[in-house]
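A, B, C and D label the chains in the order they appear, each numbered from 1.
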Amino acid sequence: MNSSPVVARAPQQRSDPVSDLSAPDDLRTEELLITLIARLLEGCRLVSCGASSPIPGGGCLLARQQSGGAMQVNVLGSRVNNLMTNGGVELFDWAAQGRLDAFFLGGGQIDGQANINLVGVGDYPQAKIRWPGSFGSAYLYYLVPRVILFREEHTRRVFVEKVDFVSTPGTSDPEVYRTGGPHALVSPLCQMGFDKDRKKFHLVSVHPGHTVEEVLDNTGFEIDVPDQVPETVLPDRATLDIIRQQISLEIAETYPRFAAKVFPDAMNAA
Amino acid sequence: MNSSPVVARAPQQRSDPVSDLSAPDDLRTEELLITLIARLLEGCRLVSCGASSPIPGGGCLLARQQSGGAMQVNVLGSRVNNLMTNGGVELFDWAAQGRLDAFFLGGGQIDGQANINLVGVGDYPQAKIRWPGSFGSAYLYYLVPRVILFREEHTRRVFVEKVDFVSTPGTSDPEVYRTGGPHALVSPLCQMGFDKDRKKFHLVSVHPGHTVEEVLDNTGFEIDVPDQVPETVLPDRATLDIIRQQISLEIAETYPRFAAKVFPDAMNAA
Amino acid sequence: MTGLVHDSVDSLAALIPDGAKVAIPADYTGIAMGLTRAMIRRGVRDLYLVCLPTCGLQGDMLIGAGAVKTIETSAVTLGEFGGAPRFQAAVGDGSLTIKDATCPAIHAGIQAGQKGIPYMPLRGMIGSDVLASRDDWKVMQNPFSDGEDPIVLLPAIKPDFALIHAKKADRHGNIYIGLRREVMALAGASRQTLVTVEEIVDGNLLRDDATATGTLPALYVGGVAEAKQGAWPLAFWEEYATDEAHMTSYVAAARSPEGFKAYLDEFVTGGGARAAAAE
Amino acid sequence: MTGLVHDSVDSLAALIPDGAKVAIPADYTGIAMGLTRAMIRRGVRDLYLVCLPTCGLQGDMLIGAGAVKTIETSAVTLGEFGGAPRFQAAVGDGSLTIKDATCPAIHAGIQAGQKGIPYMPLRGMIGSDVLASRDDWKVMQNPFSDGEDPIVLLPAIKPDFALIHAKKADRHGNIYIGLRREVMALAGASRQTLVTVEEIVDGNLLRDDATATGTLPALYVGGVAEAKQGAWPLAFWEEYATDEAHMTSYVAAARSPEGFKAYLDEFVTGGGARAAAAE
């Protein structure tokens, strides 16, 4: 199923995506983020999202739809899109086997060296603010080639100069076995890439309606900014239709509240 | 089910078991060996026999019957008496967990220090005679408290002074982690025990119809022989009835050829 | 096995002594909440709680009730209901010892327990503060590598008890765990597994291939009790959903020690109608 | 996954290059004998054969056909039909390199492969000639022990291919393995798993809980082909029994190289009616 039954894909429309949108507020941020994530997953054979990840989940499902059957997607918490039959450890075994091509990590704090903190603010262990914990980050970040950093909040509170606790480091010394790491950072403002040799993020594109200055103002660490920063390419009409008419229903199985909020029309129709 | 529905158990008959047998040839060697093995398993919570082990399997099933529900039995190759739902490794995991109380090992050669050879005769690896291989012996012998050595052939070819290849050693140096080892040796001639400090077998009893001299003549290693060697206590009538009427059918599921040979009456009746 | 079936969750809870090392699974596996309430009723103390690999309401309630001395976990969270309030408070005031981990490290420790090996090597973790905070983990050179190749070694985790909720058990003590295969490792590593089930059924789950494939054999089980809706207020497999209203009220109550105590009075220890109805 | 279903076992066999490291399970797991005959027809050479943890007819035939350079196994046996004649002959004349092991050591090596860790420690083996004969295994002090405590370290086994026969597959490439859980480890450790099945079915085995619990997901699978009676002449699960007459005739034939060659001509390579009928 490489095309939607409703509207055929029309790649040539990509060059002028905005013209496909009937109105500026037609595109929701969640839909844009799902689109960006799907693009970052292109060429993957097996991807998984973690718990509490509706937007990454949507991105995975869209990427699968666009892969023409070449990509397999595991949505943690889904029954329909579950590929795990060997218990909770299987996801981690995939990673070490080299089978898991992409995963997603968030973080209470992410710093300029792509270090991630999921544990808390203040002195460890008696943190001032204590978050749930590191989950699988201190492992998957090392072993999954494309780890996509994703937060729905782009502020200096999240993107800090230096994390208070390194749940998992962005880079490692050469003697450390590491086949994976940060591949991109996606936020409601922009998309960044990461240069592991320079240990530094760089701006890839800024979403329409936002500016480089806004990104820099809200980022607590230094990033490389090219002379020309492209505007993020929006999803074309066909992609948006697929998201709304198909991915919306698929993600609703695991995230009904999210789907009801973001895709009220699709949910009401279903 | 601590008693047979056909004949109630009568422990007091044990003191004079032979009188319960209608004729000397009424008791088959296989039945005696099953009885001996079951006695050696008394008090175990979980036991298993290995592949190609009809007599140990019968002994396990009899021991379970006599345990009144306290013993669980895994018969490798059986569907009805299978307790493994985690693949072939589970038996070995039980052993290391300390859950497996007894197991059985044979051997092309067994020597006076209870070393076992399942690999071959002559120089390794180009053996003159090559047997299948060591199976799980080089592990289970270390971890299962009651390993019962069992062979249906009692000759100097089997019971040698020194094995040609140590598939698994009878004893280990004190620094080696070892919670298990040889508990008894059962053959068609006799039952032996093993003293791990002296690294030596001793005669426990000789089966009726056989002599200490016969045992020594057919054993290639030196054994300790007490002044008085008891005659092996035969199964009482009730036990024999259970073996013939119940255990025979249970073991036939996995070993139909064995059952047909040893329990033709029960098989014909079933 | 005979004698594994208990009449009540309180009878199961009585098996767990103070100071026990108790392993609990993540919410998706099936959480024995009824048994957890019974443990709080009995007043169990000083538990070493191992979460495979995370926990939620179960851990928060045990911590709030003062039952936990040490917790080893990769996360404590109430998911979409937010952070775990009693956990956060206990970490903040230093009354709880926390051993932060990462999910696959706890899986590996439990698998080492299951395999009866003293430790298991695992990739990742090097350079993280998770590793830096764990003086019970070691980093050693991989002896099979020619070059420099450090790897983390995780000691086996061997709990006294694993606590799970499952769909059904037979009277022999065999437990249907279905797709929740992590229970096999948890049970293998633990001295015994205490289980609550939605239903106790006739027959033998091991005899039928269709059920045997998803069955934890009784040989791992220390006791089982029927507890209908035994994961309430949490979701259980595809069987029932989270009681969202209850969870919301829990989160509100558990923000303060007083609110949490009132919650326990009402739903766990009070002996009132609602506490009784909970089991 | 699309495109995993092949038309024939010969098409599957074509995926296996000379020199591949190929893992095969013990007879109780389900042996892809049809695929094995196709491999012999194609003339595969220099295989490194890993048996989890033992093998029988499959290994003996591959060895007899000259397809195996090295075998790593805990045993090769035809069970109640006796020793494996071509294996014994190849060991005796030195044409086969044998790496003798013990069952749980091969399981541990495969599990290390499955977990993507470089090695796994395991108890036992110390003082045995099995260990003494393996220069690829190491003995190291347990770093978590205060006293002297040597333990064997087994390197991960990572086969290129695992070959199994199973009951059914769906068209997505999901495989029903039921109680044969060792397949999960074997498939996880191997780059890809090639599967023959009694039947290819409609639908998706992962969608229904009753089948999902015993299903190897397609993500491990490199190819699947229908092969009815695909384990013949071996028994397969509870589905069918060993062809005892055939096994007896095999053992008689395989005692000599000439007899074995005549057997291959008749049942595998000859292209005659009986060879064709075998697939």
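Note that a contact is a pair of C-beta atoms (placed from the backbone, for glycine too) under 8 Å apart; a residue touches a chain by one contact, two chains touch by 3 or more.
As the structure is a prediction and not an experimental result, all values here were calculated from the model.
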{"item": "Contacts common to subunit B and subunit C (chain labels)", "value": "D"}
{"item": "Of all other chains, the one whose Cα centre sits farthest from subunit A", "value": "B"}
{"item": "Intercentroid distance (Cα basis), subunit D paired with subunit B, Å", "value": "30"}
{"item": "Averaged-CA centre spacing for the pair subunit B and subunit A, given as whole angstrom", "value": "61"}
{"item": "CA centroid of subunit A to CA centroid of subunit D, Å", "value": "40"}
{"item": "Set of subunit D residues in contact with two or more other chains", "value": "111, 115-117, 122-123, 149, 151, 179, 184, 212-214, 238"}
{"item": "Contacts with 2+ other chains: residues of subunit B", "value": "82, 84-86, 96, 143"}
{"item": "Inter-chain touch pairs (all)", "value": "A-C, A-D, B-C, B-D, C-D"}
{"item": "Subunit A-touching residues of subunit C, taken from the complex the two chains share", "value": "25-26, 28-29, 52-54, 73-77, 79-80, 83-84, 87-88, 91-94, 98, 100-105, 107, 111, 122-131, 133, 147-151, 179-185, 238"}
{"item": "Interfacial residue positions of subunit C with respect to subunit D in the complex", "value": "108, 111, 115-123, 138, 140, 142-145, 149, 151, 153, 155, 178-179, 209-210, 212-214, 238"}
{"item": "In the complex with subunit D, residue positions of subunit B that touch it", "value": "51-52, 77, 79, 82, 84-90, 92, 96, 118-120, 124-128, 130-143, 165-169, 172-173, 175-177, 257"}
{"item": "Residue ranges of subunit A in contact with subunit D within the complex", "value": "45-46, 68-70, 72, 80, 82-86, 93-99, 143"}
{"item": "Residues of subunit C that touch subunit B when the two form their complex", "value": "1-2, 114-117, 184, 188-189, 206-207, 212-220"}
